[in-house]
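Lettered A, B, C and D in written order, each chain numbered from 1.
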Amino acid sequence: MSFPLLTLTAGLPALGAIATAAVPAARRGAAKWLALVVSLATLVLAAIAFVRFDPGGARYQLTESHAWIADFGVRYELGVDGIAVALIGLTALLVPFVIAAGWHDADPLEEKNPNRRWRPTQGFFALILLVEAMVIISFEATDVFLFYIFFEAMLIPMYFLIGGFGDRAHEHGEEEAARQRSYAAVKFLLYNLAGGLIMLAAVIGLYAVTADQLGQGTFSLQEILQARAAGELDMSTTAERALFLGFFFAFAVKAPLFPLHTWLPNAMGEATAPVAVLITAVVDKVGTFAMLRFCLQLFPEASKWATPAILVLALISIVYGALLAVGQRDIKRLIAYASISHFGFIILGIFAMTSQGQGGATLYMVNHGISTAALMLVAGFLISRRGSRLIASYGGVQKVAPVLAGTFLIGGLATLSLPGLAPFVSEFLVLVGTFSRYPAVGIIATTGIVLAALYVLVLYQRTMTGPVKAEVQGMPDLKVRELAVVAPLIALLIVLGVYPKPLTDVVNPAVQQTLSDVHKTDPKPALEASK
Amino acid sequence: MDYLIGWLVLLPLLGAGVLLTGGRRLDRTGHWIGTVLAGSSFVVAAVLFFDMLGRSGEDRALHSTAFTWISVGSFKADVAFQLDQLSMTFALLITGVGTLIHIYSIGYMEHDERRRRFFGYLNLFLAAMLLLVLADNYLLLYVGWEGVGLASYLLIGFWQHKPSAATAAKKAFIVNRVGDVGLSIAIMLMFTTFGTFTFGPVLGAVDGAGEGVLTGIGLMLLLAACGKSAQVPLQSWLGDAMEGPTPVSALIHAATMVTAGVYLITRSGAIFDAAPTAQVAVVTVGAVTLLFGAIVGCAKDDIKKALAGSTMSQIGYMVMAAGLGPIGYVFAIMHLVTHGFFKAGLFLGAGSVMHGMNDEVDMRKYGALRKYMPVTFVTFGLGYLAIIGFPGLSGFFSKDKIIEAAFAKGGTEGWILGGAALLGAGITAFYMTRVMLMTFFGEKRWEPDAEGHEPHPHESPKSMTIPMVVLAFGSVFAGFLFSWNEAFVKWLEPVTSFEEAHPPMGAAAVTGATMVVMLLGVGLAWAMYGRRPVPSVAPRASWLTRAARRDLLQDDFNHVALVLPGEYLTRGLVYVDHKGVDGVVNGTAAAVGGLSGRMRRLQNGYVRSYAVSMLAGTAVLVAATLLMRGVA
Amino acid sequence: MSSTVAVHSLWTTAAPLAADKINAPKIEYAQLAPVLIVFGVAILGILLEAFLPRRFRYTGQVGLAVVGMAAAFAAVVALAAGGYATTKAHIAAMGAVAVDGPALFLQGTILLVGMVGVFTFAERRLDPKAHGRHVDSFAAQGSAVPGSDQEKDAVRAGFTTTEVFPLLMFAIGGMLIFPAANDLLTLFVALEVFSLPLYLLCALARRRRLMSQEAAVKYFLLGAFSSAFLLFGIALLYGYAGTVSYSGIASVVDGTAKLNPALADSAGNDALLLIGAALVGMGLLFKVGAVPFHMWTPDVYEGAPTPVTGFMAAATKVAAFGALLRLLYVVLPELRWDWRPVLWGVAILTMLVGAIVAVTQTDVKRLLAYSSIAHAGFILAGVIATTPEGVSSVLFYLAAYSFVTLGAFAVVTLVRDAGGEATHLSRWAGLGRRSPLVAAVFAIFLLAFAGIPLTSGFAGKFAVFSAAAQGGAMPLVIVGVISSAIAAFFYIRVIVLMFFSEPKADGPTVAVPSPLTSTAIAVGVAVTLVLGVAPQYFLDLANQAGVFVR
Amino acid sequence: MNPVNYLYLSALLFTIGAAGVLIRRNAIIVFMCVELMLNAANLAFVTFSRMHGNLDGQIIAFFTMVVAAAEVVVGLAIIVTIFRSRHSASVDDASLMKL
């Protein structure tokens, strides 16, 4: 038994959450610093994991395995492949920024509070750390049940983050804002819970199938794969499809995929910008990640069977999300719909079943996380200055706050996948990967590129350019803390856009493994094939 | 030597980085940093050029691989450069004209508080444009391709506080994106066909690929070229792009970026040669655009928009030439270079005029400026002569060759293309003469502006006039130099392939016809604008003129065909998302709630009714149990 | 319990037996110790009531009850440790009572629940002092007419109904026998023994006495009604098999026992068997609160004093499901092709009706009542599995669920305004701001009810559903999942209300409880989390305990 | 006489009792009807006992009587209490709690 690095990576933020929550009410500042330090320490651990991961080595590395609930065939099994280690890195990377960006988001508005135990600030940061812990362990889990538990459990802290710490910008008064917020939180929870419960049925079904065929039910990914390879496990077509649909439904809600997406704009609109980042850049990635790890590996045949339908839905997501983004009047909702469009690309890449598609999708997860974080956090800074989320409330910001406008533009350009910035690499890979197997699908997906330009630039034009609006006059430019949040993200976008190799090197072997799980190989170029 | 290629790109990129992140402390020196870096890039280009001259034709190309960029499965893209004669031509043009325009901008932008940023953007543009022409594969080219689009966006919208500028910038980017989609699809097609998208392997393997695929790739490349080079049907952004500062118009929207489409088609010549259908499409686009742009140019009163129409038209020539295949590639590039000189000169001249006229752009408010701005007048005049193809000046050499090549295409096609090219030459002469006459001749027509400031036309400072003079030299002598001993043909031939064009009626006849048509155009313009005074308000005119003033209704068409349906679609989808997709879920929730409310009423509080339900339940239970066995 | 089975012979041949040769029944007192201790304590409690001065009664009763429960629990543990749950499992008391795994597991659970129940019964810090004395949740004098002078006098005199403790003891005693009953008569008697005290306890609320009395009447009448059906069902089964012993009936059902051919047209008649089984089943389904026999649940839960509701909701369910399991698994396993489809219907209805009707509830206690109905449906899904996993999963679920329930009702007792407990949901708005701790604890219970992972509710639900799936009842699992989703809606609604709504200016206060209720809640939270995070030990326990003796 | 007839009688009595519970309003009468149902069961026990020729049924009948008596004690106590508070023994009046 080696050093439990993975447990520690997930455990540290969890412990940090408890510690943060325990900070006395008066020591609000200490709680913030504690949370930040913990998240940075987690980043260090994630970085160690990233470095220690050997792309040429075994499929799952840094593994840990302990008995847990033998009765359900559940083990505490952790292990990371290249995809997981990249996403853990993303999570650990973004959380410190989320914390720093949300530094003042949970400061109590007035000090007169009836209860001394009421510690919203501590709660806010503790919940963020808790989400981080749960997301990380979901990426690490190689036991379906273990994954499921945290996949579901992370809803609860997210729910409180959305419903309890809303955006303070509201046009229609406190009460309406509270109503909207709690609507968004409930919608978030119910959608995801419904998805999760349907998945629960599938998880139970999987248990029943393995128990039936292997004698003892198991949730261990590796055991199931081995049993399948050895021919001991042979699911009936119907069973496999039903189970696949159960799993996929949950992930499609989380991702989110059209038509299960409508919770996202509400949640991202009502949550504070850092929490919105947490939702779309971190938590939602668990959904797409799980499609790669669980749907494809556990149910390869059913995955192929469902591919046409999923591709169509992904295409709809891409175009529909982008069109709706164009039609939004609220900055954060616009970004949310843009994310829906991007998740369409990710899912497209996954189910194109080519190494470019899946490798691109994995990179896309990372890059989308960073780019959305940059855009959304700057949007949050903007909104916090004016107290309105409506695009129409702004105009001419670049004149008074050029740095803010500049960073916003770069975030936007990343969102529209400008070459040279990280998202381009992944988007192009997804498109190529899709195109090489399904040319028509790839071509339709490219409309997303044009529409992305439209919604990003329209947003930029309406908010940042033109004559300076009276309400915008005197708006301060980015502060040091804010710049410190945004600048590294932008730097990262550029670095990963120019030199994504460290990431692709880690991801590629895992993608090849996944492809071989579904018995797919990349299509050969026409010239080579004809020879 | 090859390691220097990267520096070509890096130097201006460094400038952009420094200037854009440097902050206010660089405000005083920023423009010098930018200019020096652009200049040093030109020096590097020159060094490489002379190095290249030192080698013989086939060995001139240099390759340099910096690092592996993307590698997933068999998809491998390197950051790698290829410097051959074609790239070299562009590199010199870009850095040369670019440096001149940097210098010009020092004066032109002197009073703009965001001058540092302007130079940053210019440097960014240079870097992207150099990347575009130096890339050794289509994907890296695509990076430069979108990079210049970004720079163009930033520079068109440089005066962001003007809503028209912001809108124009956005429009340019989005229309270009449509073209970019073409390029990306072309790359994907190359990847699935050839397994690579590096120039060498792709162009070398064209023979093995089916014509259908090649036609597809060709058409997609053409789409890309249409976007970037403002060819019909993606031409609508160029006129609006004149919202940008004039140096930008000169550099990006006249001399360099808009010609990227021509570069792309020429670079991919092997593909087009093997895909005749795509070639037909290319020449059609070129011919239509050259007339389209020329007609628009005739009707515009805004000096920059008139020049923009002209640019569109001239690029139409180039595209058409490139579509003609080996008989045209060289002349497409040659016209591109000469056009780079004289059109940049013309734009700088226009900028100089505006500089002296309180940024007035309406030519109807000019007149008689030759007395006030002699240097501008002379340089502009030389550029004018060059563009209308006055014998001996550079435009004469390049344009004439294209017209010849068009006729040489042969058959009906040749006559149509040649005719269009000839007609275009006449119209060019007409509208350029019109510009010349309205601006520099006749009576002065300027008036005090809204705030009562009377313009005081004056010559521009040295920093502006010197680049104009340099470019004027280029406009005059470049064509002659290139044609001397067929120097340009020999220079490019190893890269683009070349065939002698033989127009059916003989080259001399074509040249003669061109001369005649040109003179007709000049004469007509003199008759309309030279002999009688120009009204300072545009008179009512024929429907064609009115349409031409509205850019031949291109925006109206786009509005009706794309924007309005798009808006309705978007609004409709927002409604659908809210009422439909969300509605289903909310409806389900409401249904459960309603069901709950109804079922709740069964719980009426009366113990006897509870007993009834228990009894009924028991009855059902008993009956069901019996039924299961079939006993009952 | 009396001996009713083996000693009888045909009455015609009874005459030759010599009168001096009465065979004394053989009673294994040690193995029945838990039950006997509880009943002994109950009787002692009555004696205390009669002889102890009023001011010592509370202390005496509470102490006695706690000690009794602890002793009984110790006896259960000792029996289990002695192997009676596994290898030495057998039927005691002349075939009347089974001492086996399920019985001991459930008895242990009931005793722990009962212990915690005693704590909540004994709580007297919540209400403001009346005339200088602490008061508990029960009427000062049950017989006094609400609002009458007599009642005021009783309050002034500081009367308290300490009889609740012996009543509780009797109820617990009955519940201990109920799942262990190995013949139908014992089953019936046990049912009445635990029901009758509960009827009385329901009527004894200090506040809102009219509702309390109404609850008692409804519960009593419907309970009596259902036990009449049960009894008639027993009669029919007796008619079918000629015996009421579980094993006897079972051997007739599976054909190992030969009946007198002369009786063929009445005895051994499948109609008797099926109708009888259905009626007995109905009586048990009434106790677990399955649809359509559930209608008493919301009214009784709402009207009864909250500590009683909590105890009842937890313990009755445990006992009744235990009895149901034993009936179905020991007596009627051969009949499973008959009762499984019927129970499928009942389970589906129960899950859906419970979840759907709860959506529009506005009172916390009624909400929890409907939630308990939905949970009965989930447990039924496990019962239907008819596998060893089914048994152990139900046992585990019951243990998990009962502590959550107890804890949740204990929290309900804390939220108060001038009129006593503030059970209307709108009054709970903003509780999270006012008392984050209490709200958080309640949220944990709600999340456990909703089956969110890392709570006992999830582990239980998973156990039950996976057993059902393995038993071939996948459709039930899907219905269960759907109704879980619906149920999640109203649990979340309460959380929203507590945390995301602004507190009302005249909102209720949260009473600071004595260590008694605090302990009850803390135990609830602890069990919820432990069974959620590390359930393996308890699953093992339930697994070992999952075999019925026949 | 065929003992089965007693069973029919028992079923009839049981049904009458059940119907009474549903129909009558007075709590006491409702309760009496429940008692009738119990006694119908008793009759069945005794009849079956006779048919099977063992004593179990008869002994059970005694148990039932005892239980029924206990039930009466508890039931009457509750009914009397509510009667004193409400001055009505109608089960329909006690319907504060519903929905």
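The rule is short, and it goes like this: a contact is a pair of C-beta atoms (placed from the backbone, for glycine too) under 8 Å apart; a residue touches a chain by one contact, two chains touch by 3 or more.
These numbers were taken from a predicted model, which means no experiment stands behind them.
Most remote chain with respect to chain D, judged by CA-atom centres, is B. Chain A and chain B have CA centres that are 37 Å apart.
Separating the centre of chain A from that of chain D, both taken as means of CA atoms, is a distance of 65 Å.
Inter-chain spacing, taken between the CA centroids of chain C and chain D, is 24 Å. Chain B and chain C have centres, each the mean of its CA atoms, that are 80 Å apart.
Residues of chain D in contact with two or more other chains: 18, 21, 30, 91, 94-98. With touch defined as above, residues shared between interfaces to two or more other chains in chain B number as follows: 589, 600, 603, 605, 607, 611.
Contact of a single residue of chain C with at least two other chains is seen at positions 217-218, 221, 225, 229, 298-299, 489. Going by the touch rule set out above, the chain pairs that meet are A-B, A-C, B-C, B-D, C-D.
The touching residues of chain C, when paired with chain D in their complex, are 2, 4-5, 8-12, 14, 142-143, 145-146, 185, 188-189, 192, 196, 199-200, 203, 209-211, 213-218, 220-221, 224-225, 228-229, 231-232, 234-236, 238-239, 242-244, 260, 263, 266-267, 298-299, 302-303.
Residues 3-4, 7, 10, 14, 17-18, 21, 27, 30-31, 34, 37-38, 40-42, 44-45, 47-49, 51-57, 59-60, 63-64, 67, 70-71, 74-75, 77-79, 81-82, 84-86, 91, 94-98 of chain D touch chain C in their complex.
Partner chain D is touched in their complex by these residues of chain B: 600-601, 603-608, 611-612, 615.
Residues 589, 592-593, 595-597, 599-600, 602-603, 605, 607, 610-611, 613-614, 616-618, 620-622, 624-626, 628-629, 631-632 of chain B touch chain C in their complex. Chain C makes touch with chain A in their complex at residues 433-437, 447, 450-454, 458-459, 461-463, 465-466, 469-470, 474, 477-478, 480-482, 484-485, 488-489, 492-493, 495-496, 499-503, 534-536, 539-540, 543.
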